[in-house]
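Structure incoming, see below.
Per-chain residue numbering starts at 1, and chain names A, B and C are given in the order in which the chains are listed.
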Amino acid sequence: EDYDGPPVVGDYLTALPHLKPLDYEGNRTHHVRLDTFAQEVEVAPGYSFTAWTYGGSVPGPTLHVREGDRVVFTMKNRSDEEVVVTKPIRGGAPYFAQLQQNPYQKNAPAISPVPHSMDFHSGTVAADDKWRTIAPGESIEFEWVANYPGVYMYHCGTPSVLMHTAMGQYGAVVVSPREGFPTDDKVDHEFVIVQSEFYLTEDGDGYRYDHQAALDRNPSHVTFNGHVNALNATPLRAKAGDRVRLYLLNAGPSDTSSFHVIGAIFDRVWYEGNVENEWRGMQTVLLGASNSAVMEFIVPEPGAYKLVDHEFADAERGAVGTLIAEPR
Amino acid sequence: EDYDGPPVVGDYLTALPHLKPLDYEGNRTHHVRLDTFAQEVEVAPGYSFTAWTYGGSVPGPTLHVREGDRVVFTMKNRSDEEVVVTKPIRGGAPYFAQLQQNPYQKNAPAISPVPHSMDFHSGTVAADDKWRTIAPGESIEFEWVANYPGVYMYHCGTPSVLMHTAMGQYGAVVVSPREGFPTDDKVDHEFVIVQSEFYLTEDGDGYRYDHQAALDRNPSHVTFNGHVNALNATPLRAKAGDRVRLYLLNAGPSDTSSFHVIGAIFDRVWYEGNVENEWRGMQTVLLGASNSAVMEFIVPEPGAYKLVDHEFADAERGAVGTLIAEPR
Amino acid sequence: EDYDGPPVVGDYLTALPHLKPLDYEGNRTHHVRLDTFAQEVEVAPGYSFTAWTYGGSVPGPTLHVREGDRVVFTMKNRSDEEVVVTKPIRGGAPYFAQLQQNPYQKNAPAISPVPHSMDFHSGTVAADDKWRTIAPGESIEFEWVANYPGVYMYHCGTPSVLMHTAMGQYGAVVVSPREGFPTDDKVDHEFVIVQSEFYLTEDGDGYRYDHQAALDRNPSHVTFNGHVNALNATPLRAKAGDRVRLYLLNAGPSDTSSFHVIGAIFDRVWYEGNVENEWRGMQTVLLGASNSAVMEFIVPEPGAYKLVDHEFADAERGAVGTLIAEPR
């Protein structure tokens, strides 16, 4: 494909923790582009590496659709190009403007020509066809329908899948249920959080992915939204008394998450984001690798609320965020 | 016991991934024999070790019964005998013929005289009595009733239990609910999958179990049905549009499974195989050690569907399988 | 605060595995004190270390309240004092008499002056205010209301939280549902179990906490109720035919628990202890770090029933207990 336009296109593609509201009725066909290319990204202060990305960030953009919507998807493998995402991009998704506001994002173009692919957990298709691998310079186009509501992982499925995901190729798709959640009218804020591990080792005066550490499940960092400070430098914000909804995806690639908000109890939890899988009154939500949940809590009073993977070895490695609640 | 007949006896005992349909009405008493003895087995190309087995394979045979059925169980500890399972066995269970069709099975008799026992998670009994340890040459007989539907683990409970299970002594019992599952009429294919870890280390020019690696949760291999190629050399087969039901047991001995089918979403999941524990629309099912699930998905189109533990460090160590879907 | 009275005060504070029945109607305000101080504790025969404790044991006392109750809580940081808990204490909670009956408890006073805090998962509050850190010699008082039923963790939230919890600062709060559980009339015995990991390394002729081992998720011991023999030296006791209810908290700090009772199947499980999250017929219950469950089983016959984390690497490290069932 001879394309050098915006690498992320689509009205419902946002940067974490944002979710674009579905401002349309009924079903819709979304034309979505998400190119893949290398990028220098920072995971923690002083820890940068050349990541393989979708759209230039790790995790990639979040796509929001409604159950029953159709997605016409295009991806170009631009891993052999220097792609800049830190300047305003005409015709691109809302994602770019949001990404550029994140103070912890220090993305810079990089070249790392590698075959890649795209696997949307939200689609039900023959993976050997739709999710097939394409070489640098090639493009792929395919369609899928959001048959089931939920919070889904997308990621590169090219072997070694452990390597391609740990290198940064993953993100979230939120498929909102056709009839909504029973609390939709009461929710004041909604945020998307993607937990993931990084496996970095020193390499000259920088860092690179360490495959043996990934095989050994020995992460150097565990983060929310790709950086140990992502939800701290720019905390989530609400007011006392608000009902806050979190869309949480545990992208792994290998570890579980025992997600907890310090000072809060989840009033409602929908396992995998499916409105039929409801739990009540949870202190902690356990998710496997590529599991997800929609979780709501009511902010009890003004203050600072920490979000953690309560597997404290992982919190210690960076899986901590903050929600600041102002007085009502 | 003076017995040298078939080491596996019973009409409802099959080799993985097969499940014998319950072709009888109401309840029944099953007379089941499952002898325990050593066997050389292969876990991955080039990786063989002397395993402790039930019936000669790792995992052992799958038993299928109905909720309310009674099982009269006999086991002889034949770990001091060379028992051959790769030749036709008269009067034995359907298990043998199926086992012999598996191209990745290269079983060979071995001697490793050790005390063993049998613990059926499907039975509710005093374990210090029924699940007691017997010496080589001894036999045990006991009964249990399938009081609860589900997909259950059986395994050796002799200390070190970590060692006895990691050496290969485990398998699955499927207890189908008395009134069935609501989708029984719609299911086109059903398969049984047992996930487990192996902890092998070099030993001369072969391999042996490494207890320290097992203690450290550092597996050399993670497999579906006992071999990294078990569900690849002989893939599961269905047609586009089929509803496929999987009975999945995560036998551990220590790790979780985040089970996913690439290209599919589980339409229905019954946690632990109990029809009352229903989830809908799951991308991934998280199971603890000795947890299980019945999971169904509809095959969207012809193609190849990969089954994985989405904890990708484990997929990389072998937890991958394939389902091939032909056109309708 | 100028206080040197009993370090644990409150009528509904007991030592594991005891739970004080709620012998009052409707709601109540509980005045609870739980001081924090160092103590030499034993985790396994020969393995003692200077722990940071609430009330002198690891895990600390269990608090029982009803949904809707108010807790007025006081804690003094007495980590700079030698506090004795092995002698009768006038005006103290029932906890002390129970603790002193445990043969595996060899607690002895120790001094380790460190800032600490208290985080009750059962409360919904601004954590930066209520759960704030206090220096040795200081006291804190705050209130919370038990808005949601469940089995909750409490723990020190002072950084490094991994260190403060792994050093011993955690315990359980049981918030019984306002309307009870549907089986309340049928339950014969109830017990509280807290699972947790220890990360000990040799230090002179004793042991101390090993932070690197904790970061690496490499525990030296995994226990029920703080000692590998806690539920063995003094087994749980019931009669054949009894319905036994377990309140299980997995305190971590990092690992999951795949909880199983050998010889039994859980008839009912309420995830996180919330009566609305019901599962039936479970062989094994998977819990994340700071997850919990209420689980019931019917004891099938007289005998000895082992409780295990069926992640057998953890059982091998100590996560084993016993329930003895006498004839009816």
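In this section, a residue touches a chain if its C-beta (ideal position, glycine included) is under 8 Å from a C-beta of that chain, and two chains touch if they have at least 3 such contacts.
On a predicted model such as this, the values are computed, not experimentally measured, just so you know.
Chemist: If chain A and chain B share one sequence, what is the angle of the rotation that overlays their CA atoms, in steps of 5 degrees?
Modeler: The rotation relating chain A to chain B comes to 120 degrees.
Chemist: Same residues or different residues: which describes how chain B and chain C meet, taking over half shared numbers as same?
Modeler: Shared-number fraction below one half, so different.
Chemist: Between chain B and chain C, what is the gap in Å from one C-alpha centre to the other?
Modeler: 36
Chemist: At which residue positions does chain C touch at least two other chains?
Modeler: Within chain C, residues 256, 286 contact more than one other chain.
Chemist: Can you list the residues on chain A that touch chain B in the complex?
Modeler: 119, 121-131, 147-150, 152-153, 157, 160-162, 165-166, 214-217, 252-256, 271-272, 274, 276-277, 286-292
Chemist: Would you mind writing out the residues of chain A in touch with chain C in their complex?
Modeler: Interface residues on chain A, with respect to chain C: 218, 256-258, 260, 262-265, 267, 279-286, 297-298, 300-306, 308, 310-317, 325.
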